[in-house]
Each structure stands twice: as C-alpha cells, then as structure tokens.
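Note that the chains are named A, B, C, D and E in the order they appear, and that numbering of residues resets to 1 at the start of each chain.
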Amino acid sequence: MPILTILIAWPAVTGLLLLVVPQLRAWAREFAIGASVVELALVVALVAAFDRSQAGAIQFSEIHSWIPQIGASWALGVNGIGLSLIVLSALLVPIVIAAGWKEDDAAPRRAQYLGLVLVSESFMVGIFAARDVFLFYVLFEAMLIPLYFLIGSFGGQQRRYAAVKFLIYSLVGGLVMLVAVIALYFQGPGGDHAFLTMNLTGLTFDPWVGRLLFLGFFVAFAIKAPLVPVHTWLPSVAESARVGTTTLLVAILDKVGTFGMLTLCLTLFPAASRWAAPFIIVLAVISVLYGAFAAIGQDNMYRLVAFTSVSHFGMIVLGIFAFRQTSIEGATFYMVSHGLSTGALFLMVGFLEARHGTVSVKAFGGLQKVVPVLAGTFLIVGLSALALPGMSPFASEIMVFIGAYPAAKVATIVAILGVVLAALYILLTYQKLFTGPTPKAMESTKDLNLRERLVVWPLIVAMLVLGIVPALALDYLKGPSAGIVAIVSQEAGK
Amino acid sequence: MSLLALAKGANTHDYSLAGDSIWIVIIKAVLILVFLLTSVLFAVWFERRVIGRLQERPGPNRHGPFGLLQSVMDAMKLLFKEDITVRASEKLLYILAPMISVFAALLTFAVIPFGPATRIPFTMEVTPLQLTDFPVAMLYVLACSAIGVYGIVLGGWASGSTYPLMGAVRSTAQVISYELAMGLSLVTVFMFAGSMSLTDIVNAQHNVWWVLPLLPAFVLFVISMVGETNRLPFDLPEAEGELVAGFMTEYSSMKFAWFFLAEYMNMINVSAIASTLFLGGWRPLWAESWPGYEMLSNGIFPPLWLIAKIWFLMFVFVWIRGSLLRFRYEQFMRFGWKVLIPVGLGWIVLWSAGMVLLPHFHYSTSRFTWLAPAIALILAWLVFSSVIEYRREKRLKAAEALHEELEDQEFDAFAGGYPVPPLPGQKLPRSPRAGRTVEAATMHVPTPDTTKEAQDD
Amino acid sequence: MSPINFVYLASVLFAIGAAAVLLRRNAIIAFMGVELMLNAANLTLVSFSRMQGYLEGQVMAFFVMVVAAAEVVVGLAIIITVFRSRQTISLDEPTELKG
Amino acid sequence: MTYPAPDIAWASLTPILIVLGAAALGVLLEAFVRVPAARRIYQFQLSIIAVVAALLAVVWRWVALQGDGVVVLKSMIMLDRQALAWQFLILIFALGGVLLFADKGREGEDAFTPLGSVAPGSAEETVARAKGMYLTEAFPLVLFATGGMMLFATVNDLLFLFVALELFSLPLYILVALSRRRRLLSQEASLKYFLLGAFSSAIFLFGVALLYGATGKTGMYELGGVLATYMPQRSVLILLGVFMVVVGLLFKIGAVPFHFWVPDAYQGAPSPVTAFMAAATKAAAVAALARLSYLVLFRLAWELNWIIWTVAIASMVFGTVLAIVQTDVKRMLAYSSIAHAGFILVAFAGFSPSALSALPFYMATYGLATLGAFAVITQVREVTPDGAIGAEATRLGQWAGLGKRSPLLAVSMMIFLLSFAGIPLTAGFIGKFVAFRAAIEAGAWPLVLVAVLASAAAAFFYIRLAVLMFFTDAPTDVAPHVVIRSTTLGRGVAIAMAIAVIVLGVFPSWALELAHSAGVLLAPAIGG
Amino acid sequence: MNPYVPIIVMIVIAGALAVVGLVASAFLGPKRYNSAKLDRYESGLMPTPEAAGGGRVPIKYYLVAMTFIIFDIEVVFLYPWAVAYGSLALFGFIAVMTFLALITIPFIYEWRRGGFDWE
C-alpha cells in the first residue's frame, strides 16, 4: 500500500475540497479537524508499521517515474528522521486547528484558512518523505504558495509586507538551489531517475563543483532554517501572521531547512560539507547568541519567540555540522523537541493575545494570581524552551553540546552561553507577565479553558515523556544519524 | 536589368548600336530634340487647325501659309513674357517642376526605333535609326513617364494655391490610375515579342501588326494613353470650368511654356509608343510579298512611315477632343479602376491561357492568336451588356420605390431651406393661377422625367 | 566600373536611412528613412548578384520590392490615421505612452 | 530553353495553406457579406474552422512524418518536427487569440473599433458605434499573421524569412491600431511599433544582403556549410551580416536593447491582440532564432556568445527592474515579457543541443500563461459615468480586491503570475527548468545564476499584483468603478489556459516527450 | 559602347535644354512686378493665406496611391514572366495565375467596400 502517497494526498484532497466546495464551509472546523485527526491516525499506523531496528534505512519506499525527461521521479520513503518529523507535523496540525477554534472568522474565510493549513500539511509530509531531489525542490518551492496566502490573508496589520518578505527570501534561496539542482543533474548518472537521492549519494565531484553545489543548497536551507544574516523574515512573519500559521511555520516548516542540510547537504556533498563546516559553525554560534540577545530586547512576544527560535536553530545547525554521532543525533532530536516546545510557546502567546488583543510584554503583569493554570502552563512551556532538565529540549541540547564539543570546543562553549541567555529571557518574560501587581485591565482575565488545555497539555506531556525516556525518539534517530556520520567520515577517510 | 538574362535567353539578336561612336550618338540625340520641338510646334497648329475644321471654322490662318507660323509666334511670345514667381510658392520646387516635366518628356524618344540600320548619307557609317536600345527599353519609357508625374505634382503643390493643388492631385491620381491600365495592356505585347526591347518588338511585327491579334490591348492602350496625357475627355486636372488651368494656374512665361511643351511632347511620345508597339513601328503598310517592299522599308521611308503613324494617332487625339465631352471625376476614376483594369487583367488571363495551355495539350496556337480578340470582344460584350442591364433594372426599381414612397406626399418647394424641384410622385400644390383660364384649369401638370436623370448617374 | 562601388553606395544610403530613422522626429521622414534602408539593401543584393554572376540576388530584389510596397501601404495608413487624430506626426508629440 | 518546374511537397504545406487560404477567403467575405453582424459570425466561424483544421493538419503531418523531416521546396522550406512543433504552438495561440477576438460582452462591444479609418471622437465614429458596426477585418488579419508566423518558424532561407517576417508583422501593425477604447493610445502604439519594426526588418534585410554578398547564399544550410570553412578575407562581411540578422530577430523577440516597442505596443493594442501578439510573435521569433542558431550561428559561437550573454543579462535585468516600477498591468506584463526574452536567450547560451527541445516547451508555457493573463485583463473593466461598461481597468490599483469579486478569474490570474515567476507545479517552472538545464549543460551557469536572481526579483512584482487581488480590499470611493465583465469566451480562455498551465506544471511528461522529439532539425547533406 | 551611354547623353542634352529655356526667359522678359501679380490666383476672390485644406492633399488620394502600389507590384511580376512565359511553361502559368487571383482578392475587397467610388 502506498501509505506515504496516501499521507500526502489525504490532506491535499481534503484541503482542496474545503477550498473549493462551498457546501463544506459551514462545517469547516469540524471537517478540518476530522481530516487532520485521520491523518494523525494514519501516521500512527505508519509508526506502528515502521521497523525500528532498521531506522537508518529508507522504509515504505515508493518509486514511480514522474517526468523521465528531466530525471524526476515520484520517490518517497522515510527513515527515522523523516518519520519523526512527519509525526511532529501530523501531531501539530490538529492542535493548531483546535487552538484556532474560536478565531472569529466568517465561514468562507475560515474554510480558506483551514483548507490552506491542510494543503500545507500535505506539502510538509511530502517534503519529509521525498527521496528525489527534484521532488523535494518542487514541494519545497510550491509550499511557499499556501504559506504565502496563510501569512498574507490572515493576521495582523503588517501581514502583506511579511508575506512578501517571506516569499522573496524563500524564493531567492529556492532559485539558487534550482541552479544547483540542475547542475547536479549533469553530475549524476542521468537517466529516468536521475534525481533519486540514492543515485546521487556517493558521487565524487571536482572540488569546486561540489562546493558550489553545496552552497547552492545550503543557502536555501539557511534561509529556511533562519541562520543569522538571512533570518529577518522570521520575526516579521511571526508578529504579523496568525498564531496558528506561525506555529506551523516555526515548529515544522523551518525544520525543512535543517532536514535538508542533513539529508541533502551532508549526504550528497560530504567533502564540501567538511570544507564549509568551520564557517557554518561560526554562523551557527552567531545565530545562537544573536537570537538570544535579540530576544531579550523584544517587547512583542511573537518576535521574542521567533528570536529564541533563531537561537535554537543555531544550536541545531551547530550539532549538524559538528559531524559527530551524538551531535547529529542530538540535533535531530532537538528538531522534534523544538517543534514541541516552540509550538507550545507560540500557542500560549496566542492564548494571551486572544484574551487581551495584545502581545506586548509591557501590557501584562501579575497574572499569576488571576489565572494560575495559565501561568503554570506558561512556566512549564517556557522552562522547556530554556531546556529545563527532564524535558526533551534539555536532553537534545545536552547531546548537541556533548557531541559538538570535541569537534569545535570554542564554538560549543560560546553556544552554551546561549543557554544561559535563554534562561534570562524566559524568566524575565515570565516575571514581567505573571508577577508583580496586577493591572486593572488584567483582573478579569479568564483562565485556560478545556479546549486550550487539551491543546497545550499534550505537547507538554510529549516533552516530558521524551525528556525522561529519550530513547523513545532516539531509537528512531540513531540509525539515520549513524548513516550520515558514516557518509561524512567515510569520505574523510579517503 | 534583372530581365537582362531572361531577355537574352529568349532573344539573341545583335545590337549594332554598339558600334556607334560618341559623335554619332550626340548628333542623333540633337536630331531627336529638334524633331520633337518642331513636332510640338506643328502639333499645336495641327490641333487648332483640325479642331477648327471639326467645328466648321477656319482655325489659325494669319501667320504664314495656312497659319503654320502661328505656334512659332506663340512660343516667341511666351519666351518674352514676364516671368512671375508667386509669393506663396516653395521657390525651388516651383521652378524645378516645369523643368522636370519637360526633361522627362524629352527622354522617351531615345529608345524609339525610326528605322532599321541605314547608311548615313555622304558617309560610310551604317547605324540604326534609333538613339539606343536595350533589353528593358520599355521599362525605361515607363520610368520616364513616371518621372513626368513629379513635375505635375510638385508644380501644383509648390504653387501654394488651391486650384493648382487640386489639379495636381487629380492629375497624379489620374496618371497613375491609367498607367496601371497601360501597364497591363503591355503584358501581351511582351508575351508576343518575348522581349521588352523596342527593336525586337518592331522586328517581331514583320508578319502582322499587333493591332489585329492584340486588338483589346490596343484599345486599352489608346484609352489609357489619352488618360495618361490628361487630354479630353479626361482632362480633369485642368478643367477650366472647375480648376482654372489646373496645376499650371500659377505659371507664366517659359515655365508655363515648359509644361505646355511637355504635354504636347507626351502626346507625341505615347503616339510613337503606340505606333511602335501595335502599328508595326517603322514598318510600311505594305505586304512583304508586294513589289517595292524592299524600297519602302529602307532608307528614308521607315521614318516617314513612323511619322505618318504618329500623326495619325495625333489626329485621333484631336478627333476625340473635338467629339467627346469631359467626364465627371468620379465617372473617370470609376472607368479606370472598374472597367479598364479588370478588362486588362481578363485579357492577359485569356491570352496567356491560350498561349500556354494550347501548346501544353499539343495544339497549335496560330489560330488562337486570331480568335482571341474575337473571344475577348464577345466576352466583354456579354459581361458589360448584362451588367448594364442589371444596373438599369436596379435603377428603375429604385426609382419606382422612391416614386411609391413619395406618392401623395405634399411637395415642399423649400425643403431644408433651399428651393428644390418636386420629386417624382409628389403631389404638386394647386397653382395660384389655376382656374384663371379654362386651359389652366384643365392643364396637365407635367411630371419631371426623373427616371432619366437617375440613369445618368 | 566595378559593382563593388554600388555596395559602398548602398552602405552609405543605408547609413543615411538609419540616421533618418534615429534622428528625425517627423514620422514621414523616419518612414522614408526606412524605405531608403530597404532600397539600399536592394541595391546591395543586385550589386552582389552582378558580382557573383548569379541571378538570385536580383530575384530577391523583386521580393523586397513587394514587401517594401506593402510596408508603404501599411505605414502610410497608420501615419495618416495618427495624423487625423492628432493633426501632427511628430514622434515626440504623442505622449500617451510613457515609462 | 525550358525551366524545370520545382518539386514541391504540397502536403507538407497544408497547415500553412489552410490558414492563408482562409485569410484570403475572409477578405472575400468582407467584400461580399454586407451585414456587419452576419459578417462577424461568418468570419469567426471561418477563422475557428481554419485554425482547428490547420491544427489537425499539423498533427497529421507529425504522424505522417518519417525520419527527421521532408524537403518541401529545395533548401528553402524543409519541414521537420521542430517546425511542426512551432506551428502547432502558434496555432494554439492563434486559437486562443481568435476566441478572444470574438469575445463580445452583453453590451455588444468587442475589443475593436467599429471604424478604423476615422478619427477618434469624430461624428462618424459615434454613428458607426451607434449602428453596431464591427471591424471584422481583424479576423483575416490575424489569420494572415498566423500564416506568416507559421512560415517564419518553418523556412530555411533568410530571404524567405524576411518575407515571412513582414507577412506576419504588417497585419500586427494594423491590429495594434484598432483598439475600441483609448484609440489615441492605440494608434500611437501602432505608429511606434511600425516604425521600429520596419527599421529592424530593414536591418535584418541588409544583413541578409551582406551575407549573400559574402557567401553567395541565403539558405541557412548552405550558409552553415560555408561557415564551416573559415574565410578570413570575408569574415568582416559575414560577421556584420550575421550580427544584423540577429539584431532583426532579437527585435521581434523583444530583447534589450531592441525592446522599445514592447511596452508601447502591449499597452496600446487591444488586449486580444496583445494576447495573440505576445504569445505568437515571440514563439515565431524564437523558432526562427533557434533554427538560425543551430544551422548557422553555432559556427560563430566564439564571436557571438558574448552578444547573447550581454543581451540576455540586459533583458533580464532591465525587464525586471522596469517592471517593478510600472503602474499599469499591461505595461507590467510587457516588461515581464522583456525579462522572459532574457530567460529564453539564456537557453541559447552555449548552443546546447537540448535547447532545441527546451525552447518549444518554454514558449508553450510562456505563451499559454500570457494568453490567459491578457484574457483576464479583457474582463476587468471600468464603469463609464453613465453606468455602461467602459475601457479596461489596467491601473494596478484598480485590481485591488479582484479575488473577492471574481475568485475564479483572480485564481486564474494568480496561476499565470506564478507560472511567469517560475513557481513549481506551474508550467512556467518546468519551462524554466528545461531552459536553464540547457544552459547549464553548455556550462553557462553564471548566466543561469543571474537568471534565477532576476526571476526572484521578478516574483516581487508578480506577487504584488497577487497581493492586490487577494489581500487588498477594493476601494469603494474611487471613480471610475471597476466591474468584471465576465464574458463566456474571455472567461473560458482564461480558465482553459489556467488548467493548461497547471497540467503542464504537474504532468509535463507527455509534453516534454513531444518537445524532445521536436528537438531535431532536418539537416540533409546539401552541396555547397 | 554600353547601350546606356546614349541615355546619359540624352539626359545631359535634355537637362541643358530645360535649364537654358528658363534662364533665357528670365533675361528676356520684362520685370514690372506688383503685389497683385505676385499673389496667387483665386478667380477674382481675395486670396486666402494658404491653399484650401492647409495645402494638404485630401485623404482619398492616398487610397489611390495605395491601390496603385498593389497593382504596380503586380505589373512588376507580370513583365518578367511575360517575357519568358514560353520557357516557364505550365508551372509558371499556374503560379502567375495564382498570383493574379490573390491580387484580385484585395481588388474585389476594395471595390465592394467603395474604394473606387468618388462622391
């Protein structure tokens, strides 16, 4: 059974139905959440069918000829990393839909929004499952369109600006990658399946050709997983877009960048990766510090969370380009954990915004007494972001540092500073929001209702479970990471 | 020039003109000019004289025998007249225009053959009686006549005055319209001769003058040559009643004389061309088998034959002028475009179809060359008579319809604020004088015959 | 006289025509410049044809003449319509289109 | 002496003959059918039948073709699959064009002035409009242009190329001047287009004359054969000739610095004409340039490459930058077409053989999207003060909120814009992919890098229009109001093109296969 | 001698004659100008500042000019064929007839559309 194709097709079909069929509009929310839960169920089935002992190998492979003239195939398959990210996507989408249940929209607009969310989910699953560079690229670029509409149509004042900025950044990266993709074709074996990653792995390039190709890919991924010089779109989008969009974007989509670095940059161009690693590690460390510092100065909570993400992505990239088994494992684990924690954090900010229509830190204060559950939840989520031991981000961060230290001592030490800074901004924010005297306007704040709890708590539970028993996830991540390390280091041996 | 090779392929005769020395060329050129100028002087007298006779009056008869010196006197008078350059004119073009006209008119005769190779009296030089000839001589002739148009249009425009402008554009439109018909009439001649050299064309007529087998083309040519030279009945550009003197209105003295000269020279030119193309050129009206042919086609005789033919055509010009009324402009243009050009095309198709298809199916074309004009005439008669009949019926119907429409309408003598005649069918008001006398009371009010008027349209 | 001289002449004519199109602001003059260029090309074709002793160049000149004539018809028609709407055929004058 | 009649493979010419014959028939219809409304219907039917029949004929030739191609008339016309592919494309564009030409709103007005010869705003014009006259000559004209383009894409002889060039240009000059609304603009555009077009074709012709002088040939195969052996003493003449010929073609493609006519002509012409012209002219010109390139120019690759690179980069940069500052939709698309001319030239860089199949595909994607985009433009109208439907609303601001008024049209337009921008899952992406692949294959990757950066910048203005349509509310207080005309044909063409663009974007395999088999030029050995 | 040389001789002589005539009359005639003489002729009316219609040619004449061009082209192609029709045989005939037919189409068009009607 072509389960991966079904996983991609199901949200696409349901999403398009929602966009096109006017009769569905009245029941858009119910329809959408139903569809996403079905998707989640399918993903659970996928996980069940996945052979954990062979996590490093590609499973559920499907390869069909698509455009043989340009060597493109409809090639899908997942290893442990892809699987975990698909799980993350499938988990977050219903949560996001549920979180936005009460957004006051007219029915057609709501149908549009939910339809686009579902279509985006289809693209996300597709990207994580793609085993063909061309297919990967197509989905990578095409995904911009629903996202562009999600950002530009729904959200705050600056949303149009943010949408265009997002699109242009992504497009520049994507098109540079296109050049590399085309050039890669001529380096590879050619033929009807020229773009299959397995056909392209293990090629030997002329050094500069390899480096240029690597850069072509890396630029695109660096923009997507915002590394410092090209990160500016993320805060803009985060503050303008609707919270659900931002959650999806940061928690899942940006992982496409790091996922791409792992599965394409490192795998296809190991020599070039090693050549570029020192620079990239420097960039990563700068990201960690810059993101953290910038977060401290933010008043807008969306921007704040966005900057923390920039910081965290720096750590992930550091882990990836340290080329150690532990660091890569940690980085992949961190990708999942970060998805859970940042997602939760954005949702919490969204709940606050829903209550008072503002996300300015200054506007709040002393909420601890009024809404204890909310405050508590926020604290836990916040602590997860600053990597409190016992939560999964902590486990992954530790693994990254331990793994990276032998490879890049100074960089790792500097990056650990980022953790300290994280503690600073999270606690400062918590302090401003929830402690001190309660302003008049805040006194009538409602606490988390059942829907909101149902939305956030599962994420917290997941983080806790994974924090305590990281093996649950690491079993899936170890194999693939080992494979990547093997490729990179085997190349080094030559 | 591009026709060079084609023509050579078809016709390989020796142009003995190549042997002429430059002096002979100059002498011949001067002789041609002298001939042209005297011919014009003669033509002016000739026209006035013949017209006079046609109108039963004497014509010029004061100066010299039969008034022959009249035109010499006229020319002298023009030379000594005051030369006025109109203030509103574009000076350069205004002066250039008559020069262009006369210049173009002088050139045509360079390629007209007056006769075969002849010994120049008192010398041993043998030379054809023709200034020069080349394979595309007819194109040269057409080119010269086209340059002549510039004289007219520039003269009219540069005068900066209404009548000359109108005259010039009319004249230009007329000349180019009729030039097309003329051009089409030439095609069958070229087919017959297989060359565009005038010598070849004359030589090819040794059996028969082409006026017979190519009769329709000849008729076409004659009509269009009258149109081309702005002569009655096609003299619209200088219709005195409408445009004073057309494009020449603002010209005086020698400038006027050049236009005048050019016009008469053009008449002589086209007559010479028509003679050469259709009337055998310098060939005598004498069968080859008849005695004396040799003498009549050599020495002084060929030029005389040609001149005789030219003057015959000149007489036709004058004759037409004396007999026909001027066309209205729209009638004239319609005639050119809707009759002459289709006829010309039809004739080409008919003729070439016969000449190409008959040999293709292995029939001889000798009889067809004689039958073709007859076929053409019959076809033309069928087409035109039916068209005329059809249009007459249509007009009658339209007149009837109008009649019915206006039936019983009260006649308004001042419809639209102007005095108008009664339209057919309109009821005439009772005359104020009616009833005064018995005759008046019973008088039949005549209906104007408007049907007839409509037909003239 | 060698036909190559005609080629030089044609080149000069072509240059004059091109200059007329590029420099003169009157549509009719510019249009005449174009015609001059076409005829210069014609002259070139014929001269080269003469030099090489093949007739193709001359036949081509015929085709070019036809095309040039058609172009004259279309061009004049366009210029006249513009003139009738605006009472001017200066190429600088029409300013509906900018940017 | 009898000249032998040349051998002509008439069957191979059927598509062209059908179109040109129908055009001639159309002129006769004009002459004999007196009632304008009836004439309009007849002309429309005739044109559609002709174009469809020609399409079928092209398919028939494609199927019947054996080997690389057929020699139709010595070396002047040789019908190969490449030529058939271009003919097919041009006919498809013509079909769309004719449908748009016939598009007539409920108010009874099509895109053309009822009387082309009278001055705008004159009494005669008012009368003609009141009488409901139609300028039905547009149909024969477009057929003539189509025939000329098909010929242009087929012939192998430079002089014949010139004749075909004029055959399709002259009707276009006239068509551009015939807009029903904004006639001054239209006439002025026509004048500019004409003067520049005539200028460039004169340059082209002089180039041909020089090549003829240098080599004694005008056939492309023969020229290529001559150029294979280098002749130093004549090289200046050859280079100059080739350069001028290329300039003539680049003009028709609309590449910088020969692009001046493009914005004016696109903006001034009636939108159906713009649609047809933008798609088909470019296709025909690219076809000719491709043929010339792979038969002749590649011999001079070393001398010519820098020109192609310069022109391509200039076109992409200028087209994109100037498009960004435009405030008129048609003008914006015009500048975008200049940028696209640059992208097309990228494929030529290095003369990679795969460009021969990439180009038809690229032009198919570009042409379909262009046709569709202009079809949408015909639908967005201003309201005249008396409440009737007026001129096209082409100012960018007037497109605000289109997504709400007419989601279908807006989405179609969006798809076209995405295709122009080269976003995956639209045809434009695959087109760019194959074109760029050809360039990279020949080692021109720096050029491709410039191209992708330009397309990213270009995306900015495409997206800006999308922003207006979907994210901005229509201003309610601004006069004139904007309405959606929503005519069957215009809408139908837009939607059909949108579907085509998506299909070619998602399942391009079959089309690429066809393009691949079209990527062959017939090159029989010809003496000399 | 080249057959075109006599033409040049003719051109020189004819041109000289045309010029000499005008120059002679300029010397021979009287010169007593006045304003009325230098004004343009208006059949006795007061002369207007410029010719009717601003000295421009009526549009209708352009139509004649354009039609003329079409047919002149036709003639251009007919003449070479006429000279060599024998050797071009049936193929040439059919080609030229097709050409004529095609030329006739615009002719008919213009005829029916009133291009040859002058009011």
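Keep in mind that, in the parts below, a contact is a pair of C-beta atoms (placed from the backbone, for glycine too) under 8 Å apart; a residue touches a chain by one contact, two chains touch by 3 or more.
According to UniProt, the chain labels map to these proteins: A = NADH-quinone oxidoreductase subunit M; B = NADH-quinone oxidoreductase subunit H; C = NADH-quinone oxidoreductase subunit K; D = NADH-quinone oxidoreductase subunit N; E = NADH-quinone oxidoreductase subunit A.
The structure displayed is predicted, hence computed values, not measured ones.
Q: How many steps does it take, at the fewest, to get from chain C to chain E if each step moves to a chain that touches the one before?
A: Steps on the shortest route: 1.
Q: Would you pick out the chains that touch chain B and also touch chain C?
A: E
Q: Count the C-beta pairs in contact for every pair of chains, then give the pair with the highest total.
A: Chains joined by the most C-beta contact pairs: B-E.
Q: Using only alpha carbons, which chain's centroid is the nearest to the whole structure's centroid?
A: If we average C-alpha coordinates per chain, D lands closest to the whole-structure average.
Q: If every chain is reduced to the average of its C-alpha atoms, which one ends up farthest from chain E?
A: A
Q: Please identify the chain with the largest separation between its CA centroid and the CA centroid of chain B.
A: Farthest chain from chain B, going by C-alpha centroids: A.
Q: So what's the Cα centroid distance for chain A and chain B, whole Å?
A: Chain A and chain B have C-alpha centres separated by 94 Å.
Q: Compute the distance, rounded to whole Å, between the mean C-alpha positions of chain A and chain D.
A: One centre to the other, that is 44 Å.
Q: Distance from the CA centroid of chain C to that of chain D, rounded to the nearest Å?
A: The mean C-alpha positions of chain C and chain D differ by 25 Å.
Q: As a quick test, compute the distance in whole Å between the mean CA positions of chain B and chain E.
A: 14
Q: Counting only residues that touch at least 2 other chains, which ones in chain E make the list?
A: 65, 72, 80, 87, 89-90, 92, 111
Q: Any chance you could list the residues of chain D touching two or more other chains?
A: Where chain D meets two or more other chains at a single residue, that happens at 1.
Q: For a test of understanding, state which residues of chain D touch chain A in their complex under the given definition.
A: Interface residues on the chain D side: 418, 421-425, 429-430, 432-434, 436-437, 440-441, 445, 448-449, 452-453, 455-456, 459-460, 463-464, 467, 470-472, 508-509, 512-513, 515-516.
Q: With touch defined as at the start, can you tell me which chain E residues reach chain D in the complex?
A: Checking each residue of chain E against chain D gives 87-92, 102, 105-106, 108-109, 111-113.
Q: Residue numbers of chain E touching chain C in their complex, please.
A: Counting only chain E, the residues touching chain C are 59, 62, 65-66, 69-70, 72-73, 76-77, 80.
Q: Which stretch or stretches of chain C touch chain E in the complex?
A: Spelled out, the residues of chain C in touch with chain E are 62, 65-66, 69-70, 72-73, 76-77, 80, 84.
Q: Which bits of chain C are touching chain D when the two form their complex?
A: Interface residues on the chain C side: 7, 10, 14, 17-18, 21, 27, 30-31, 33-34, 37-38, 40-42, 44-45, 47-49, 51-52, 54, 56-57, 60, 63-64, 67, 70-71, 74-75, 77-79, 81-82, 84-86, 91, 94, 96-97, 99.
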